[in-house]
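As structure tokens, here come the structures.
The two complexes that follow have subunit A in common; it is paired with subunit B in the first and with subunit C in the second.
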Partner chain A sequence: MQVFKSYWKILNRYKGQMIMYLSIFMVVLFCFIIPNDMGEDGENQYTSMKAKFAVFDYDHSAASEALISYLEGIHIIVELKEDDTETIQDELFNRNIDCVLRIPEGFGEKLANGEQTGLVEIVAIMGTTISMLFETDLNTYLNFVNAYLLAGYDSKIAIEHTDTALNQQVDVRLPEQGDTSVMGNRYYYFNYLGWVLICMMVIGIAPILMVYNKKNLKERVHCSAYPFSRIHQEILLGVVLTGIGICAVIIAGAVIAFQGDVFSASGGLYILNMFSYMLVALGFAFLVSNLAANVEIVNMFANVISLGMAFLCGIFVPTEVLGKGVIAIAHFLPAYWYSQACGRIEHYTNGALGEILTCMGIELLFAATLVVLGMTISRKKRVEA
Partner chain B sequence: MFFHNFKYALKSLLKTKETIFWTLIFPIALGTFMYMAFGNLMDQEEMFHSVPVAVVSGKENSELETVLLALSEGEDPMLKVSFMEEPDALKALEEEQVEGVIYTSDTSLLVNESNLNASMLETVLEQYKQIEYVCADIGTNNPGMLPEVVMQLMGDQEYFIETTTSDGCQNEYYNYFYAIFAMSCLFASFSAISRINKLQANVSALGMRRCLSPNGKIVAVTAEYLALLIVHFIIELIVLAYLMLLGVDFGGHYPAIALILLLGCSIGLSIGVIIASIYKLSEGAKMGIAVSIGMLLSVMADLCAAGIKDFIEHHVPVLNRINPAVVISDSFYALNVYDDYSRYTGNMLILSVMAVLLLGISIMILGRNKYASL
Partner chain C sequence: MALAIKVSNLVKRYKDLVALDHFNLEVEEGEILGLLGPNGSGKTTTINCILSLLSYDKGEILIFDQEMKPDSYEIKKNIGVVMQNVAVFDEMNVYENIDYFCGLYIQDKNLRKQYVEEAIAFVGLEDYKKFLPKKLSGGLLRRLNIACGIAHKPKLIFFDEPTVAVDPQSRNQILEGILALNRNGATIIYTSHYMEEVEQICTRIVIMDNGKNAAVGTKEELKKMIKNTESISVEILGLAQEDIDTMKRLPHAYSAEYADNHLKINFSGGKHNLVRVLEYLQEKNIPFGRVYSELPTLNDVFLEITGKALRD
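Entry: the complex of A and B
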């Protein structure tokens, strides 16, 4: 098993980069993606969207406080320390707030007098749906108060009646299967592998295969008593074990993060899908090892292929928001089918196995194509040499 | 002698494929992928467009139908209403041709998912029910005022004034494009490492030969630095031109953007020179350090995930002031959204101080290198 042993020695040299990518994946996922995820809560029942708003009340009247109290009940109030343009602009740009409500002095008095224009100021990014929702709610509230005042009610009673009127709600239902756009944390965990597996395996495995492809070393090994087929078997064994090892680490991570959820039918499908995609990643590693002239070029291939597919195939950005042209291109990339399988597994119900297995089958076909392509290039190089 | 050094540094740089890839091809590829993925995301996800909705008519609620039709009229209507039988409406919803199905018989709504468009439809229906309630309430207690109240409730008065803080680009995803420039500027350190290694007698054979020549070190370093700066600055301008042609809106102010890129390149190069002057490391290890520093600083400027820069700003703002990647990204942002140059000028001051400081340190380190024997 000399070749097998030498494989691990070379891998040891490149393990640093593989660990680095795995760490980036874990940090980005657990620190920034998963904490912002809606989770499964919104899956089975409809929830209204809420605007994040800051308020600066310069009136401090009963009317302004009632308005804030109403808006606070249906939207999310965010504290903003300073009412200055730069702070507001930065918070709006970073979407920490969707709008700012500025209630000027004299608001309560103007409302009581039946004034109808310019009672308050809203600072927002013009034309966004979320700010329109907020403005509609605010306008409705003030319109109702005004209507009651017009009908002869005094301010306090008008506000009370308005609150009662605004309690009238409508029945909003979701289809029987629930909201299929809501994805759980498990989905994000496995879907992001579409990026990291390619990057890790190409950077880790391709340089090893390149070492065995070096002309002098190859000739030395080939003129030894070691059988040709055994050399390839041992390298293949090393590559497959590396793939299984990485998958095991990822499964361990999933078990720690999601516990029992991994040991379910959908958990099993996620793992099966990951193994199929691992073969694609190894296929890419094999192809790149035959294409690249040195390790720097391997790095370039790894980053461009993995990031390119991650952006275009629904890993970093959901496919629903990608353009039709981008999706058409994505059909020719394996990460798209991996991501599609992840999406279907997340909402897996008995009987919907066909589509998931089709996606996995396409991934395996991609893996086979990459290996055949790699072998063709390798053969061509050998003949030319 | 200076021009001789400069000419060969320039020639040699242009033949280094790795440099060209990481500072030109990679940012262009990344920018293209990002533009394809995020380019229209704000418009699609955040901006309001008429909401297509299927209406299943109930015989006894023609007022709601009238309201819905009124909302779908005009130049920029709130709704795009299609009246359908229930099976067709459900099919349209399943095929995502409509955002929801309104049942006028019981004023209810069926939607595929909880999203902004669904909330918009919910608000329309709620408003209808609430107006109905107010009319009934006032009609019971003060029927004489009802006609006036109805007139007001159905009017389109706006009780608020909407203002904005900027006329510039408010697309949050543009942080990614700004971070690409930050990364690309910092990746200039790669070629600085490779060039400085060729000046150091204890690292390369070429360095030994060059140390033995009568060529003054300060002349050689200055020529190398200037060649590096020019090449990388031009590369950044090419990336900028490409992204502009792609459709990324940097908001004009191109001379000011060029200054950001020039200072950014200078900082990247100085970082490279400092890393290159670490004695006992191989070129690979030095490159590893440069990649790690470049990536770490760029990730902190939102290269990989949005919100990191903002998180740091709220918790340890000083980190954002001393991270050149964040200052570069923030300068692009400031130029794009603010009418005045005060924030941009502050950032330029920080970048200039950084550039001068790092350049000073790198010149000091290189100037002190003396070899007793080689």
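Entry: the complex of A and C
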């Protein structure tokens, strides 16, 4: 097991970067993902995001009514009898309302004329998240109407279009229960691996493989009585054990963060998916070790591959936000299938098992392709030497 | 004597370049065979073919009477290699490197430990066991390279220019070491383009030129192959052409050159050449400085056999 032993000694020299990425991942996990999780499920988060607001409409136009009905759809309207400062302050103080919207006379006309400031007044306690959310929704609405007006629609059509457009968006943001877009922290934890694993394994493993590929060393070892097949097997064993070790650390992290949720059917699928993707990451490491001339180039490859895939495949940015073209390209990248599998596992019901396994199968095919590609390049190099 | 290596009609081409052209070589067990040739004459190519690192176009290679193939692991067990280019792991220290290479041959842990310690003592790296190769000087690195090649006590060892870029003191230590390995029973193939080294340690010498075996023999045999037996040089100021021509006609002399106030006369045979030269100079009353009589060197052999100097 001479070669196997040497693998760990060499790994020891290159482990720094790998540990760094693992640490970044754990820091992100324990400082950002977990603290957001206040034990609320998606449904509670959804209701807590509704603002209670009162409206005083002095315009009584079609535009003002459309605006109110839109806001009513996503927030909770509360009746207030009198528009005087004292009443409003009492109500705000007692948390009976979160904010007050005052629509002055002439709002409809100003809006139709494309004016963008001073259209409405808002009274709220400064800096509360919920009133800010309300204001954001209000501004989004007004901006949409403005955009349609600028595009040449008359105000009636503009308001109609705005309503349809925003209603679709609302569906995404405030989904029905069971909708795929509400994701738990476990999803973010595993989905994030789509980036971390590639980066970590390419930067950690490729330099080790490159050591064994150095011409002088390779020739020297080939003069020896150690069979080639055994050399390759022992290196492979080292690499696979490294992968399993990293996976074990990640599972341990998941157990700390999500406890019992890891030991469920979906938890098991997440772990299976991670192992499949680990093979993809090792495949990339092998390919890069045959392409790169030195460690700097390895780092470059690692970043381009991992970040590129993370942005295109729904790891850093949800796929809903990506264009159709991008998603079409993403189908040719393994991270897409990894991320798709994560999304399906998060809402796992028995029926979806087939789809999840298909995604994993595609990942394995990618891994195999990468290895074959790496071997082809390595063979070509040997013939040229 | 049994043959350790027998190479017959070896041909190796790199595209259009014929690196080895029907090269023949026989190495007897227990000898130190020197492969002497200028840069690019095919020494490394020969060794790499013998070791099955390179495929070749034609020919046959036998080691200990068995055909050598890439997977001849039984043969490879007995072979040690010290490559021209240092081949060690930068990531492992001196001890770990030697242990690694020794372990490619010796599986038994205790035996290996003993062998590694012996190899370290052999090359004198006792004080550097924990050093990484990057921290070693060029000479020490070469010694590490040697230790890695010989730790498993092979019967047949290849040294490909092990002394390149090594200072004279380290060089002598390396040469002494090779002689010691040979005394312990190892057969050695030694390549170099330094004729002094080859002359110093090799029992037999193969002169290589353009991928061919130009001459083989002990250094005495090689020197007998050529016309020159003695060259006499004399420091003389302003020697007349007439005198040069006369001296060229001394018994056994076959050529004479005069340059930079040095006269050099080459003789082929004859026992009293130096006396005759000195008598002539006294007779003619020609004042002279230092006088040397030199026996032919391998460089002379090389010059005569290949028509060019060994070193540029």
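To be clear about the criterion, the second predicted complex is superposed on the first by the 242 of 385 C-alpha atoms of A that agree within 3 Å, B and C clash if a C-alpha of one lies under 4 Å from a C-alpha of the other, contacts with A are read in each partner's own complex, and residues count from 1 in each chain.
In this text, a residue touches a chain if its C-beta (ideal position, glycine included) is under 8 Å from a C-beta of that chain, and two chains touch if they have at least 3 such contacts.
All of these numbers come straight from a predicted model, not from anything done at the bench.
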item	value
Touching partner for A:Val78 - first (subunit B), second (subunit C), both, neither	neither
First (subunit B), second (subunit C), both or neither touched by A:Thr128	first
Most subunit A residues touched (candidates subunit B, subunit C)	B
Which of subunit B and subunit C A:Asn303 touches, first, second, both or neither	first
Touched partner set for A:Leu138, first subunit B, second subunit C, both or neither	first
Contacts of A:Arg13 with subunit B and subunit C, given as first, second, both or neither	second
Contacts of A:Ala257 with subunit B and subunit C, given as first, second, both or neither	neither
First (subunit B), second (subunit C), both or neither touched by A:Leu364	neither
Doubly contacted subunit A residues - partners subunit C and subunit B	none
Subunit B residues touching subunit A - in the complex, by the definition given at the top	18, 21-22, 25-26, 29-30, 33-34, 36-38, 40-41, 44-48, 93-94, 106-120, 122-123, 125-127, 129-130, 132-134, 137-138, 141-142, 145-146, 148-149, 152-153, 157-166, 170, 172, 299, 304-305, 307-308, 310, 313, 333, 337-338, 343
Residue ranges of subunit C touching subunit A (in the complex, touch as defined)	48, 51, 53, 70-71, 73-74, 76-77, 79, 81, 83, 85-92, 96, 100-101, 103-105, 148
Contacting residues of subunit A [partner subunit B, same complex]	24, 28, 32-33, 36, 42, 46-49, 85-86, 88-90, 92-96, 116-133, 135-140, 142-144, 146-148, 150-152, 161, 164-166, 168-175, 179-182, 296, 300, 303-304, 307-308, 310-312, 316-317, 321-323, 326
Interface residues, subunit A side, partner subunit C - complex	2, 5-6, 9-10, 12-14, 211, 216-217, 219-228
